[in-house]
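Chain naming follows the written order as A, B, C and D, and within any one chain the residues start at number 1.
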Amino acid sequence: MAVRVQRGEFDVGAELKALTKGNPQIGGLCAFTGLVRDVNDGASVSTLTLEHYPGMTEKMLERIEAEANKRWDLEASLIIHRYGTMNPEEVIVLTAAASSHRGDAFAACQFMMDYLKTEAPFWKVEDTGDGTRWVDSRDSDQAARERWKD
Amino acid sequence: MAVRVQRGEFDVGAELKALTKGNPQIGGLCAFTGLVRDVNDGASVSTLTLEHYPGMTEKMLERIEAEANKRWDLEASLIIHRYGTMNPEEVIVLTAAASSHRGDAFAACQFMMDYLKTEAPFWKVEDTGDGTRWVDSRDSDQAARERWKD
Amino acid sequence: MKVLYFAWLRQRIGIGEEAVDPPADVTTPRALVDWLVAKGGGYEKAFADTSAIKVAINQEFADYDAPIGKGDEVAFFPPVTGG
Amino acid sequence: MKVLYFAWLRQRIGIGEEAVDPPADVTTPRALVDWLVAKGGGYEKAFADTSAIKVAINQEFADYDAPIGKGDEVAFFPPVTGG
């Protein structure tokens, strides 16, 4: 289990390799990466900046990862989330879950993303051609989180 | 869209990077890798060998990938499946799906794995301490595939 | 009491963080908002619609009627949009 | 007609592929299996329980009563276990 909040870019392939290395119990690894798009809600985006709440961010991400490990039988898990200013195609976030069987890996990885989207204190501001605008939260993200409620 | 069936190892990170590169419409990438475990059904596994049906394998994988692209709005997809003899911790298979939003990426990636598990003509034989044994198919894999039926 | 503002709240108020010393009857985030808004300016504009603003007390999501006191860290921010 | 065997079928029969020329009344995989089993040996052992054996005709999954002919490629194998 590991959570990292950082400004700099990271190497997704190297992170995934390190996550599974030395654990031959792992049969499946599910990894999700979120990337900066150059168009959002119809406007072109030149850069995206993520603001966050230092302290609370780490606490919430650790709690989300711990909850995923409680709900599913995981061999390894990882959340890395960046803040600061990024260009289109850059990686914003990585969630990864490894398990002996694939069902747990898929569910845990998606669970972590869905929770992170509604509970980790990050806020996106887009620089479009016409200045900056704060990204609105989506009802679909709230709905995605709700389906994991027991 | 791309499907590859090969004997040699491949670099998961490099494959994922190449898959999203140059497409700033991609907001999310879901990737699953299946790895060789050193224990299966209680027996230790020293090597795993995958036999396949050349020709039919490629055809089935291409069909599964095409069906995923029909069902979900994907920007990119990839299936790589190895055959031959592998050691624990080696990557057997990679399925990846990229989309503007994460829901499609997760669903398509899992769909491709679930279909591949029941429809791509590969067979695993394990070398345990006591000789070789063919891996039995799992009812759980059949069930995982069934839930995608419309 | 330490108060934090994020995203467009921070922009409207003009600061991200401040130490405040409200009167003794400010015992909830709701009362804190009312006290801040009474100062006018950016606060009034920022807190015009609190239904769109989340509260955290000591880095935990909380309700507007939860208890707060002198040593607490209270944060106001719009719904999160990371990931 | 080209016939292929995979996994433990291949091992029990002892070959992975063969060209066969069955009589004209062998028009389905079921009849092909019966004709092969009549040869005895590995075939009999391999096809002891066809409920556990899948058929593909020209690289498509098929039923045991699907039509087959001279130019076809017929494959027999256990349920797949890749991934």
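Assume contacts are C-beta pairs under 8 Å (C-beta built on N, C-alpha and C of every residue); 3 or more make two chains touch, one makes a residue touch a chain.
Since we're looking at a predicted model, the values are computed, not measured.
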item: Number of steps on the shortest touching-chain route linking chain A and chain D; value: 2
item: Farthest chain relative to chain B (centres taken as mean CA coordinates); value: C
item: Distance from the mean Cα position of chain D to that of chain C, given in whole angstrom; value: 73
item: Intercentroid distance (Cα basis), chain C paired with chain B, Å; value: 49
item: Distance from chain C to chain A - Cα centre to Cα centre, in angstrom; value: 27
item: Touching two or more other chains - residues of chain B; value: 34, 102, 113
item: Residue list for chain D, restricted to those that touch at least two other chains; value: 83
item: Category of the chain touch graph - line, ring, star, complete, other; value: line
item: Every chain pair in contact, whichever chains are involved; value: A-B, A-C, B-D
item: Parts of chain C lying in touch with chain A, wherever the complex brings them together; value: 4, 6-8, 10, 56, 59-61, 75, 77-83
item: Residue ranges of chain B in contact with chain D within the complex; value: 34, 50-53, 55-56, 59, 81, 92-93, 113, 116-125, 134-137, 141
item: Partner chain B, residues of chain A touching it in the complex; value: 11-14, 16-17, 20-39, 88-89, 100-103, 105-106, 109-110, 113, 140, 144
